[in-house]
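To keep things simple, chains are lettered A, B, C and D as they appear, and every chain counts its residues starting from 1.
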Amino acid sequence: MSEFVLETKNLGISFGGLKAVQNVNLKIKKNEIYGLIGPNGAGKTTVFNMLTGVYQPTTGTFYLNGEELKGNSQEVINRKGIARTFQNIRLFNNMTVIRNVMVGLHNLPEFKCGILPTILRFPSQYKTERAMVKRAEELLSIFGLYESRNLLAYNLPYGKQRKLEIARALATNPTLLLLDEPAAGMNPHETEELMETIRFVRDNFDMTILLIEHDMSLVKGICDNVTVLNFGTTLAEGNVNDALSEPEVIKAYLGDD
Amino acid sequence: MEFITTLVNGLSLGGIYAMIALGYTMVYGIAKMLNFAHGDIIMVGGYTILVFLAINPIVSIVAAVVMCVLLGVSIEKVAYKPLRGSSPLAVLITAIGMSYFLQSLAQIIFGTAPRYVIIAEFGSLELGALKIGHGTLITLAAAVCVMVLLNLFVKYTKIGRAMIAVSEDKDAARLMGIDINMIITLTFAIGSALAALAGLFSLMNVPTIMPTYGALPGIKAFTAAVIGGIGSIPGAMLGGILLGVVECICNSLPGVAPYTTAIEFAILIVILLVKPTGLLGKKRREKV
Amino acid sequence: MNRIIEKIKGITWKYYLNYIVIGVVAAVFSALTFAGALPQSTLYLLERMTISIILAVSLGLVVGFLGELSLGHAGFMCIGAYIGGKVSVLLADALGKGVVNLLISLLVGALIAAAAGFIVGLPALRLKGDYLAIVTLAFCEIVKSLFQNTSEESFGGPLGLRTPRFDKQYLFIIGFVLVLVTLAVIQNLLRSKHGRAITAIRDNEIAAHATGINVTKYKLVAFVISAAFAGVAGVLYSFANNNVQAAVFDYNYSIEILVMVVLGGMGNITGTIISAAVITYLNTTLTVVLTGNLAVLKDLIYALVLILIVVYNNAPALKNFREKYNPRKFLKALLKLTHPESKKYADDEGAWARVPTKIEMNEILSTDIVVNESTKNPDKADKGE
Amino acid sequence: MKKTFAKLLCLVLAVMLMVTCFVSCGETNYAENNTKIKIGVSGPLSGGAAVYGIAVKNAAQIAINEINAIEAAGGAGTLGMQFEFVAKDDEHKATNVSTTYSSLYESGMQISLGTVTTAPGLEFKELANDDNVFILTPSASGDDIPEYDNAFQMCFADSNQGSASAVYFNENYQGKQIGIFYKSDEDYSTGIRKTFLDALDASLKNGIKEASFQEGDNDFSSQVEALKTCDVIFMPIYYTPASQFMTKGKGIVKDDAIYYGCDGLDGIDAIDGFDITTVPQEVSYLSHFNSGATTGAAKTFIDKYNAAYNEETEPLNQFGAAAYDCVWAIYEALKVAKANGKEFDVTTSPADFSEILTEVFTSDNFTFHGVTGKAVNADGTSNISWSDDGFVNKEAVKYVVKSANSAQ
């Protein structure tokens, strides 16, 4: 067992000659909330995309609990334990809230039920279905979404959509949760609430969290360590306050002057 | 020698397909819709030529272009514009409805009997044993001209560049002060004018017209547009020519001829499997 | 006793509405045909309706729930009709034209159609939107062309395959049974974790990937099941006719099925069934009513009705009007069926204008012969941030 | 509970409504309420093949009108009954036949002209056989159409056309290079081609050239190229593609070549805007009718047709002529039956009519004088009779639409 939940080694990707991201070395310990920050266009989401298998890294590799995951498809990586949310919310809009979460439960071994048994309506189908509903309702209660479980995801208010996305990601029972700008578009009050939720998730789900965020109050509020990216390379890493006070980082955020 | 003749014939047929495919591609690129009625606009163009041919061939050609442009624009206004912003499938279905509508209307007005429309008699060019009809050469030349002009138009005129902008990002284009409706209308006008020209040249190639005249060329041109990469103007040209040549070569081989349509469609499938966006198509990766 | 009542009350009746209505309709008509009260034309109409419903519901799985556009449904039906028809011809001597023959033919036809669905789907489902549409259309035309070029001994060539016709009086009952089977399989599939996975792919493919859904697998599952039932419809067709002619199964037929699905409401099985039945009825009636010189009006009327319905149902400008004069609302008000709770309840079968279909490809109008844009202009091609 | 009840009520109402829509009183003889003898046909009245169906519909109507006029006038030998004609649209698709047939049958059709084209005809003959409805098809030329006892053809069957053409070729075109231009996805074309090749002498078959096309194709440049060296080009196809081939072939196919077709080629000289005289080659076909005829009964019929219908939009072809003959043949047969003492009236059932007519048509002495076939009688009509298996016996004529002009 590795010391780190997630470890990336010289992770990098280039698109036809342009090096979008290079030499990213993240080391995230268990139950840590880790921030990945940097100005727009720094390559943060690209890192997420590599970690979740959307893009295949051209250099380097990454390990989850010591297991190398590079080269796997998105589905496999998710099953191995990395779940994510998206910068621009991607819910299953025309499905109800509870079913969004139930899609997340799809691959869990305890809810295994083949296609033939479901079509022929074996008892196992009903059993699985009931168990899935129960688990999903538990998850929704935790996120305060139980009341709106039968609404279409489309009709949820923005803040709840963010929460639902996190709930869906958690439903896949990951070891590492990637949050892509979870506080985007939220007011300070909502952000506050979100920070509570993230901490809650970390504590109650025994979760390790890697998040991208622009809201420095949130980053400072909950992140243990951060990595600062700029133009695809690592500017600084380590403790939040230390990293953010590095002159390089300030320069990158505020410009040369 | 026979092979060269077949090749030239294929190029000419391909030129016609290309002209139709250009219309498809233009409309697809801008309005993001499959205009299933496009083939039937060719048919309307053909009948317009038939009606006005008694006056003068030139007049009839002009009339066909005007008629098709008016028709294309009004179809867009009546059937497609109200649906802008709703499901793309809805637009597809109205386009299909429009296609049925035009065909049955043509049958009511002109009957189902084939009509001959001989615009002009052409001689043929003889190079030794090689014999190529002037009509064939004119068609080919016209197709190339249309493609080049269209290319230049889209690339170097203000309106053309506005078209590219609209096809790239409608909302951004609107914010830049481009009149989207005007651009879409214009696209339909250009596409329909091209259909009229395609009608003209296919009548020069085969001087018969009937209500179902546009259906198969429409589908084949759509195939051509996809082979070339839908949205790409040179792609439509390339796809059209490729399809025309393949069709002529297959038809010239007795054992293969019954399978011509199957082969054409098989080529489409193979090309798409090898290159999912068509030969010259560009794909924009979806932002994650 | 109480427990049983509780259980009955707990059943979501909505789930079984389709079965009940179709079962009742089938039972009523069966009773009538046993009593000899149905004219032959009605029986033919019912046969055609069941075929249409099977086709539309199975295509609905791909278009309405998976969100992929297929224009090749008639191709799978063609395979089913020819293969099933051939099997029934071969079996006719040994087994006669009865139910046993029908069942074996159905099984074989469906399996071969499903296999074709698998072979086409495996590579084609990598494509999206309009590309998939054109590939399926091409497949349909290829199948048609291949069957037309077969020898007279094997599949009859352009003359078509002669198939044994099933008893005219009772075939529609088998048709209805097959509709129920189709519904059972497709609804059971959709109302399970697998169905949710399929709907999730429709709603957001990227998110489905990220949630660990095996997108390729489920696309294939939906495609293959849909193809299998198109095959079933084809076999039924071969039993409802004395001849199977490939020319019937052209892309126009696929489009007709698509129209049924779209008008019925994407991802709405009940709506699909109704629209398939109504469109078949309308087509038949128009054929019957418009004789002689009036026959040309058929397509005209069909086209106009089609355009009007689609524009009325979808035009964003007519939204207020639609909501004000909603026939369903009117009906509900009339019967006072609106329950305050019912508004809260929402099924996955959302209003279809909102249901995304991946038929937009984001292709841009391009003039340059640039083979690979992303190599030239990487940051434009991929704005990863 | 109330809600469930309301729903149930709804359902019951809906089902009842549907049932009343569909059920007719269980009456089997639909002809019971007829006031005229009803003759029906199923043919393409819309879509790509509509030109044939419309010609049949129009010509049959002319015949019906004429017969009704005679009947109205009364006199010796008349039946004292009026006739009615219905045409339903099958769009040249077998799928639609169950609808067109059953609606015709249930609306009281007593005698049928079958279908206009072969593909739907294969379905029609089965259904008509089940109900024992008489068929005399004007133009469904498939060999299987008259399979059952109740079905007869007015046109030559495909195989007969193919073998008859081959016989002609064997006799007249020895030593020439033969070419075939056919439509690969149409039974009419492939059927004739097959029997033609079967009956053709080996010497002619050697080195034969073939080219084909499919539905919707109209650019025949490669096919012309493939056949340009042939002396005789056999065209078992309909006239539209044939004319397109000839147009394409101008200046490429040898000027002294011969285009030789079957009955499908009839009408080639009547296409609006197509001037057959500009085709340098000889154009001829073996058929039972020439819509360009200038003599005989055919000429009279053509004039009648053109007076009644628009030549451009609804042109006449051999389909129409055959339909005209069909209606008259049925009328004559009914007169014969009446003379033989058979009894029938406007409400006689289809099966009874079938029995009556079949007996007449298969009898040895029934000969019909029609406008199709070779004019042998003084009034310019032909002699037509039927074999017991439903095929037509009449003399085919090789019509030379246009002889080769070396001047051009």
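Quick notes on this one:
The rule is short, and it goes like this: contacts are C-beta pairs under 8 Å (C-beta built on N, C-alpha and C of every residue); 3 or more make two chains touch, one makes a residue touch a chain.
All figures in this text were calculated on a predicted structure; none of them were measured in a lab.
Common neighbours of chain C and chain D (chains touching each): B. With centres computed from CA atoms alone, C is the chain lying nearest the middle of all the protein shown. Our note on geometry: chain A versus chain D, Cα centroid distance of 72 Å, whole angstroms. If you average the Cα atoms of chain B and of chain D, the two centres end up 36 Å apart.
Separation between the centroids of chain A and chain B, computed from CA atoms only, is 48 Å.
Averaging Cα coordinates per chain places chain A and chain C 38 Å apart.
Residue positions of chain B with contacts to 2 or more other chains are 104, 107, 258, 261, 287-288. Annotation for chain C: residues 145, 148-149, 206, 296, 298-299, 355-356, 374, 381-382, 384 touch two or more other chains. Those residues of chain A in touch with two or more other chains are numbered 45, 49, 54, 86. Chain C contributes residues 13, 20-21, 24-25, 28-29, 32, 35-42, 44-45, 47-48, 145, 148-149, 157-160, 162, 165, 168, 237, 240-243, 245-248, 284, 287-288, 290-293, 295-296, 298-299, 335-337, 339 to its touches with chain D in the complex.
Remark: chain B residues 25-26, 28-30, 32, 34, 79, 82-90, 92-94, 96-101, 103-105, 107-108, 151, 154-155, 163-164, 167-168, 219, 222-223, 226, 229-235, 258-259, 261-262, 265-266, 268-269, 272-273, 276-277, 280-288 touch chain C in the complex. Chain D makes touch with chain C in their complex at residues 3-4, 6-7, 10-11, 15, 18-19, 22-26, 45-47, 50, 57, 86-90, 93-96, 98-100, 102-103, 105-106, 118-119, 122-123, 126-127, 130, 142, 144, 184-187, 189-191, 214-215. By the touch criterion stated above, chain C contacts chain A in their complex at residues 184-185, 188-189, 192-194, 196-197, 199-200, 202-204, 206-215, 221, 267, 344-348, 350, 354-356, 372, 374-376, 378-379, 381-382, 384-385.
Interface residues of chain B facing chain D in the complex, by the touch rule stated above, are 2, 5-6, 9-10, 12-13, 50, 104, 107, 110-118, 123-124, 131, 133, 136, 202, 205-208, 210, 212, 215-216, 247-252, 254, 257-258, 260-261.
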